[in-house]
Every structure is written in structure tokens, then in C-alpha cells.
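Next come two complexes, and both contain subunit A; in the first it sits with subunit B, in the second with subunit C.
On to the complex of A and B.
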């Protein structure tokens, strides 16, 4: 009886275990091994930290790295600023059918692939695109304007592609805020800003964090949006990794870059949780 | 100093409609300074709507609200000298007890040291000294109640509105909190307006009670007046327990009406208000006004006498009652069980006599 139960447990666990081992643990172990292999001669590798040293020696690498991390934080903040009013409106001011429709409207763009959505932005923002033509026809600008291939275009694309991942946890956590709590905030003499700062935002902290973590990680690891909207100037770190693996065929350096990105994202998420005194369990497990 | 006719709350023909439904229908009343006023009514009678208009969360369609002689209609909730205790208290779980109480003072930009002093005083006053650093989830139901009251009272509002705050408590604690709330109100002297559907809460605590039904006030009076001199059929049926019959007036003389109920029973009852022969009426008799007897001659002198069979004994200590059935009645009559040894062994099936005077039965014109 006991051994049968144990067998059943293992059988039930096996898909998850296989998934974890084959797709997460093994590749990462391999990446660590690769990253720690220094090329001494063609086809001859030895253990060493040379690949990481290479990263710090070449300014382009760590500039790109720093820029990607900072830009991802900015994009996360921008996503939050756009998503919060939306989520508040859906969670607190809408009721019934309209609420579900608004929620679906947020979800709808995600039925289309990220590539297609990004191409949509290109249609809007390129020199001969919709926005440029409109401004020219209205006589606001004298000539055509190129809106693509700059940081603002990347930011717009990143915020757009992350919005849903911020709106959903925010709506979920704002939904659990009792309306009478907000009313009590006003009743006791608070104005709208007081209620927002003292009651609504503190209540939504777990939702804000879980949304921010997801958006930050997705942005940091995004490849399509920065490459297509930022062009050659995007300087996104995932592009460097791609270059090492595909163009340069230097898997060792590429792996080192991958590990650095993983360490950076984990470190920042950890710091964010520490600063807000939340645990990963309460933030993600809700 | 308050003048003789100053009142803390005055409502003048307040009306609120939701689409076709009139939630509050031309309600006017005044609440004297420092009194405990309850609005009692079944759910859906409009009492919550009325209270939310006073607090400022709903805009009235017409009418005016005065607090301490000043119209507050049109003011935002955060600018009204009124504070509200919510049904589920709405304590802020992300703040400590002390921070909860300090919230309103901070909004008024009171100095930090003074806030701390006033929070401490307030916690002492509600019997929770030293609880300032506790988290809300560390408190019991009764303690939360007190923190909610402290959080409102620390702002010294002219008027405290309470929206059935005892509803979520268990029975024992609720009984206790009733007495405590009444004592607290008497001690601090703030005007309390308490809304509830629980008649016992309203009767025990209030100086005056307004009975509300379908958006209107049926009667405003002291708890005793409502109980002994109900003005309408609704009040008679809603406040306290009553046995009720529907019937028609046969004859009327000297304020006493002879009534035939819909089931063909003859009753004598005191007419409340002008009634003519042929009028449709509701007749009410309180369970404790009915004399329960085993022998015919015990009830001989009473105006209404019936024979019945005990259907069920509902034992509840001093509040025990007996359901007595009679083939001529649509429903069994509830009679208070006298606390004498004679009735100790009373069981279902026993033949009993019931009797009451016409003065104990009240009949009201039924609304068409």
C-alpha cells in the first residue's frame, strides 16, 4: 500500500520533474560549464573566468548591460504608471459586463504574436508611417519625421507589450480592497491623494510587486521589441547574447552573458522584495 | 452654547431615487444634541441609503441636511463634521491600531506629539490602553469595534453614524457591546445615529427610534412608545413580537372594535385611529399580553377567550413561549410561557385556554 502510494506520487511528479531537469536545470548547468570554459587554443578549452573578464574588459558589453537593466527598470515604472489607473478603473469603478469586457479588451492584443504587434508599431511610427503622415497632412510638421529607432520608440513598445502582465495582478489585488475601506479613508478627512497613498497603494503592494517582477523579467529578456523598434541603436543585452551565440559562434562568452543577466535579474527582484518587506511567496503565490 | 432648539442633525424632506425606485421618500426628522437615535427597519427599507446621504457618499435628489445648524448638503465626505462606523468597520489592515486612530488627525495636520497624546487618551477611553502598536488582525471582534469607534471619535465629530456595526459579532459579544456602546455614548455625549434591522439593538440602546419602511418613517418615538403605542400596523408587527390577524370591522363603539377575522373568528380590539364599520384591519396582540390558563374560569372576565391545543413549547429560559393552535386560526398563536410551577410540565397536545382584554389588542386600518 505504502510503496504503491509512493509510486503514484513519483508518477504524478514525473512530468514536472522531467520539465524542470531537462529544460531548466540541465541547460543552466551546461551554460555554467560553458561560461567557465576559457579558450586557450582553437578547440582547446580550460576552466577559467576569462569569459567574465572579457565582459568587464570590453566597455560596449557592460555599457549595454547597464543600459538594459536601467532601461528595463524605467519600462517597468512606465508600465506601472500606465497600468495602475487602468486597473483601478476596471477593479473599482466598473461593474459586471462592462468590467469583463474591459478586461478582455486588455487581453485581446495578446492573441496576436508579439512580432505582429511590434510590426504594428512600426507601421505607426516609421518615417512614411501613420503618425508621420498625419502630422504632415495637418501641417504640424514641415517634413516627414522618423519616430522609430530611438529610445522612446523602444519604451513605447516595451510598455505596450508588458501592459497586460501589470494590469492583471493589479486588478486582482485591487478587487480585494473593500470599497468601505476607501470610503472610510474619505470619511475620516482624507482627500483622493491621501486615500491613494495611505490605503489603495499599500493594499495593492503585493500586486504591484508581482506585476513589476514579471514585467521587469520579460522586458530584460525581450529581444524582438528592442531590436525591431530600436534598430541598430537599441543596444539591448539580449542582442549581444544572440550575437555571441549565432554570429560569432562564441557559445562560451554567450553563456557567460546569459548567466550575468540571470544574476542581475534575480538580484534586482530580491532587492525589490527586501525593500518592500514582502516575500516571494506572498507576492507570486496569491 | 447650544441654543434651546439647536439639534445636531436635522433632515428636511430628503428624497433619493434610483431609476424608478424611491429609496428614501421625503423623510424629515431632527435628532437632539447628544442623543442616541436609531433608525430601525427591514433590509431594503432605505436606511442605508439615508445614512450614506448623511455621510456624503450619495447625493440626495432633493431636501437638505443640517448638522449643528449648518447645511452640509453638497459637501464632500471628507469635509463633513460627520464620521461613520462601517458595517465591517473598515479598519485599515496595513496600519497598526495607533496608525488607524492617527489617520484622521494626520489629515488635519495635527502636530505629531499631539497626535500621539490624543491616540493614547482615546485608547484609554475605549478600554484598550497600550494597544497602539498592535496589528489589526491581532484584535478580537469587540476590540476591533472599539478601535473603529476610537478612530472616529478622536476627530470629535458632531455626529457619529453607525451602520449595523454589531451585525458581525456573535450573540454574547453583541449583547455586551450593546451595553458598552450605550455607556460610551452617554459618557462622551456625541450624537449617535445608529441604523439597524435588529429591533433589540435599537430598543436597548436608543433614546429615540425611527421605524423606517419602504423609504418612509412610520413612527419616531422612544423605545417604550414604539412598543406600547405603535402608530401603524407596520410598527406593531415589526417592533417586538406580535400575533397578527387580518379582518374586517363589524361594529365600533367607544374606541373598541368588534372584528371578524378572515378565518371567521370574532375579536374585540382597541381601534388605533379612526375606523368605520366594514374597514379592513390588522389586529395585533403581544405574546406576553395573552393570559394562558388551564381552566375556563381563570380567563372568564376577559374580552377575548379561546380554547386551543399546545402545538409546541419553545423553551428559551425566561423567554420561553408556547405555540397554541386552534382549528379556526390560520396560524398558531404565540403565548409567553408563565414562569410558574403549574406550567412547568406543559407539553404538546395539552388543551389550554387563552384570554386577553380588548385593551391589549390593537387594530390598525390595513393599507390598501
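On to the complex of A and C.
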């Protein structure tokens, strides 16, 4: 009976284990092997760190890399600034049915795919698009204006597409904050800013961090939004990876890029947790 | 005991799923091709005649090579890469198998095109490709707004700032090299000279970046920009220009002064294809003049089928004649096979152009 019980346990675990090894561990091992092989001549590859050296030798690659990381941090911050008031309003000032409705309103755009939402932004922002036509008709601008294909368009798209992932953890963590604490803050003579700084934000830190981690990861690994909204000036690191794999047939360099991206994102998340003195368990496990 | 039975059942189910995946039907042709090359009605008629079902996957050159490379040449029974893109990938990855020319009805092909394609796709004495559809890259111009765009370099004319478009791919590099008076194909064999040439083109494209509205990716995106008037001149395929011409008479395809670039898409059989006989049947079927004419009607491009062009009627024939006066046909530059390693150089140039700042 005992050995049967153990067999059953293994069988129950097997889907998860198979998933982990076949779809996560093995591909990553393969990626590391690929990244560490250099092309000598057709069909002959040798072990070496040439692909990583290539990344540091070519300014274009690390420039794109740095830009992507910096831009993702900026997008995360912008998402937080937009999401926090919204989340606070939903969690603290709304009640009952209105609260659920507001929550659903946040969720609604995510019922269609990211691609469709991005194409929606293109319809709005293109030179012959809705915004440009409106400004022209109202006489605010003299001619048509192109809003697409610049950094601001990318930022708008990124913030929009990751808003939900910031709002939800913020609402859940703000929900658990007892209203009487806020009252007490005012009773003790604090103004709105003091209460925000001393009571609301510290309580919401785990929510802020888990939201930021998710948004940062999503943004860093986003491909569709920067490529479509950035157009000729997009320059996103995932695009470089795609290019290496699909249009240059250089899987070795592409894998090296992938590993660098993985290391960078893990490192930044780790640094963020250290700086805020939180552990991954308290942030994600809630 | 019950748990043991359940687990045995589970195991059996898993094994069954595993087996199910490998058992594929023998009478299926998995074709990876370009949009329009396998119209639904042609596929239906082929199935009616031979009993073979055809699964069509739409793709492009890079994706075909990448997909076949990922599986070592499995997953598809027939592919249609361009003739210049067979040699390099074949040497590098070995993703195709040699063609059995005895199984192909050579009489249905335009002889000169067949021979040229065979020569360009020969690796170590074996032929890997035969021609199917051909066409050209050139200029799509809105004659009402940009009548004096006659060559690729005219796209960089400040008069059209923010109103032109081209792809950021290798044909653009080649096209600009020709328009700048250089001979890229003659330098294919000499990597250093080719790199120097690419350097010149890079400078030109970086300087030209401010003129570009967007680097187009899909044909639909380009058509959209031309239709809305946001773009008045672009580097594009002939078919794109003719399609636009159907509803915007001012827009048409123009063969550039320095010569249109000619491409030929081929038939090649992936190394681990499982339905070679079906593949040969498909090749011989679609090369029949009457079927080839239907493909031309669907894709807009002409085929290497002998006599099919005489069966083309109406608008397309006129558009072709207008875009290609006889001297422009003679001036078509056909892509020679790309030696392995060249695309890496080109890739870096394209990356740098993309990264350059320009508004």
C-alpha cells in the first residue's frame, strides 16, 4: 500500500513536474548551450563566449538593451502613478455595486487581445487617425499631426497595456487597510500628505511591489506594443532577439540575448526587493 | 488497489496521446507557401483529382527557413522559398532534400527560367529548386503627388519628407546600391568589397531615415498608408502597385531607372518531408498552364509555366504592359544566390539603420 501511495503522489505531481522540466528547464538549458556555441563554418560550432562578447562589442546591442531596461522602469513608474489614485478610489471611496462596476471597467479592455488593443491605438494616433482629425477639425492644429512612431506613443501603449496588472494588486492590498487607521492619522493631526506617506503607502508596499514586478516583467518582454507603436524608431530588445532568431537565423546570438535579458530582469527585481526590504514570498504569495 | 488502477489508466491514456501525434495521414500534403500561391479553389480541384488533401501554411522567406531549421527540415512536405535563398541555408543547415527531376514535367516550364533556377539552387551537384512564381521589387508611386520619383534614391528627396516608405530588409539594401550606381551582385563573392558597399548604403539609408514615414512590414500595412495618402511613394512589389491601381488609378508600379529587382519563388522539398510523391504531383498540377493562370489571377504575379501568360486577360495584362516596357524587362536584375555569411553583414547594417536617430 505504501509504495502505491507513493506512486500516486508521483503521478499527481507528474503534470507539474513534466511542465516544469519539459517546458521551462529543458528549453533554458538548451538556450544556454546554444548561447555558448560559436559558429566556425557551416554546420560546425565550437564552445566559446563569442556571442556574449559580440553583445558588448557592438554598441547598438547594449544601447538597445539599456534603453529597453530604462524605458521599462519608466513605464512601470508611470503605470504606478496612473494606477495608484484609481486603485485608492476603488478600494477606499467606492462601495458595493459601484465598486464591482469600476473593477470590471478596468478589466474590460483585457477581454480582447493585446494586438487588437494596440491596433486600436494606431487608429487613434496615426496621421489620418481620430486624434489628428479631431484637432484639425477643431482648428487647434493647422495641419495633420503624426502621433505614432515615437517614444511617447510607445510609453502610452505600454502603460495602457499593463495598467490592470498594477490596479489589481493595489486594490487588494489597499482593501486590507482599516479605514480607522486613516482616521487615526488625521486625528493625530496629520494632513492628507502625511497620512498618505506614513500610513497608506507603507501598508500598500507589498501590493506596489508585486504590481511593479509584474508590470516591469511584462514591459521588458513586450514585443507587440513597442514594435507597432514605435515603428521605425521602436528599438526594443525583444525585437533584437526576434530578429536574430527569425530573420538572421543566428540562434546562438539570439539565445545569448535571451539569457542577458533574463539575468537583467531577475537582477533588477532582486535589487528592488532588497531596496524595499521585502521578500519575494510576502510580495507574490499574498 | 483502486489508485493503482487509476494510475495505470492514466499511463495508458498518456501513451495513447503520444502515439496519436505520430500517426499522420499519408495522403496529406503540408505546403508552406506565400499568400495567393495556393488559392482555395485550386486546392479543392487538386483534392478532387488526386484524393490528396493539402494543408496550406502562409509564410515568408525568413520564416520558412527558420521553421524548417527548427525541426531539421520536418513538419512540411513542400516549401516555396525564393531561388536566391536556397543555397546559403542548404549549405548551413541542410534543410532540403535533392529534387528527383525525373518526376517533374520539365516541358511545362519556361525553359530559360527553369535552367536558371536549377543552376542557382545547385549544391554539390544536386538540384534543390524549380521555379514557380516570379515578380519584381520596384517603386509604387502615386503619380498625382510624386510624379518625379523614378528611382529608389528619389525616395530620399526632401520634397517627400515623411511621405515615403520601404521595408528594412535585404532587397532595400540591394536596390539602393544599384540606384547609387554600384554593382552589389558582382561583389557577392568578395566579402570585404561587399562590406564597403554596404557601408555606403548604410550612410544613405541613415541620411534618408527622416524622409521615411514607417518601414513597412506587411503588404496590408503599406497599402493602408498609400490608400490614406499618408505615403506617396514606396519601394514595394509589383503586385502591390497593381492592386492599388485597381481602385486608385493614380497609383501604380514603376520599374525604377536602375532596374527592377527580379525574384523567383521556387518549389523545394524539406529534408524530412513525408509526402514526396504528393509534392511532385502538386508541382506538376499547378504548373499546368490553365492552373498557373488561375494562380496568377489570385496572386497577381506571373508564373514560370509555359503558355500561362497567354491565358491572362484584362486589367493585369494592361498594368503589366504599362509598368514594364520592353527595355524595363531587359533591365530586371535577377537575384543571384546569396552566399552563406552575407546575410549576417546585411543584418547588422539593417540593425544600425533602424537604431539611427532620424525623425
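Here is the rule we use: the second predicted complex is superposed on the first by the 286 of 286 C-alpha atoms of A that agree within 3 Å, B and C clash if a C-alpha of one lies under 4 Å from a C-alpha of the other, contacts with A are read in each partner's own complex, and residues count from 1 in each chain.
Heads up, the rule we're going with is that a contact is a pair of C-beta atoms (placed from the backbone, for glycine too) under 8 Å apart; a residue touches a chain by one contact, two chains touch by 3 or more.
As the structure is a prediction and not an experimental result, all values here were calculated from the model.
K.L.:
First (subunit B), second (subunit C), both or neither: which does A:202 touch?
P.N.:
After superposing on A, A:202 lies in contact with subunit B but is clear of subunit C.
K.L.:
Is A:188 touching the first partner subunit B, the second partner subunit C, both, or neither of them?
P.N.:
Touch status of A:188: first partner only.
K.L.:
Now for A:249: first (subunit B), second (subunit C), both, or neither, which partner does it touch?
P.N.:
A:249 sits against subunit C, while subunit B stays out of touch.
K.L.:
Have a look at where A:88 lands relative to subunit B and subunit C in the superposition and call it first, second, both or neither.
P.N.:
Touch partners of A:88: none, neither subunit B nor subunit C.
K.L.:
State whether A:45 touches subunit B only (first), subunit C only (second), both chains, or neither.
P.N.:
So A:45 meets neither subunit B nor subunit C here.
K.L.:
When the two structures are laid over each other on chain A, which of subunit B and subunit C touches more residues of subunit A?
P.N.:
Partner with more touched residues of subunit A: C.
K.L.:
Does subunit B (first) or subunit C (second) touch A:223, or do both, or does neither?
P.N.:
neither
K.L.:
In the superposed arrangement, does A:231 touch subunit B (first), subunit C (second), both or neither?
P.N.:
So A:231 only meets subunit C here.
K.L.:
A:127 contacts which: subunit B (first), subunit C (second), both, neither?
P.N.:
second
K.L.:
Can you pull the subunit A residues that subunit B and subunit C both touch?
P.N.:
none
K.L.:
Can you tell me which positions in subunit A touch subunit B when the two form their complex?
P.N.:
178, 180-181, 183-191, 194, 198-199, 202-203
K.L.:
Which of the residues in subunit C end up touching subunit A in this complex?
P.N.:
Residues 1, 3-4, 6-7, 10, 62-63, 65-66, 69, 89, 91-94, 162, 168-169, 209, 212-215, 228-230, 340, 343-344, 347-348, 351-352, 354-355, 357-358 of subunit C touch subunit A in their complex.
K.L.:
Using the touch definition from the top, list the residues of subunit A that touch subunit C in their complex.
P.N.:
Subunit A residues touching subunit C: 4-5, 7-8, 11, 42-43, 58, 60, 63-64, 126-128, 146, 148-149, 231-233, 235, 240, 243, 245-250.
K.L.:
Considering the complex alone, what residue numbers of subunit B touch subunit A?
P.N.:
55-57, 76-78, 82-84, 86-88, 90, 92-95, 103-104, 107-108, 151-152, 155
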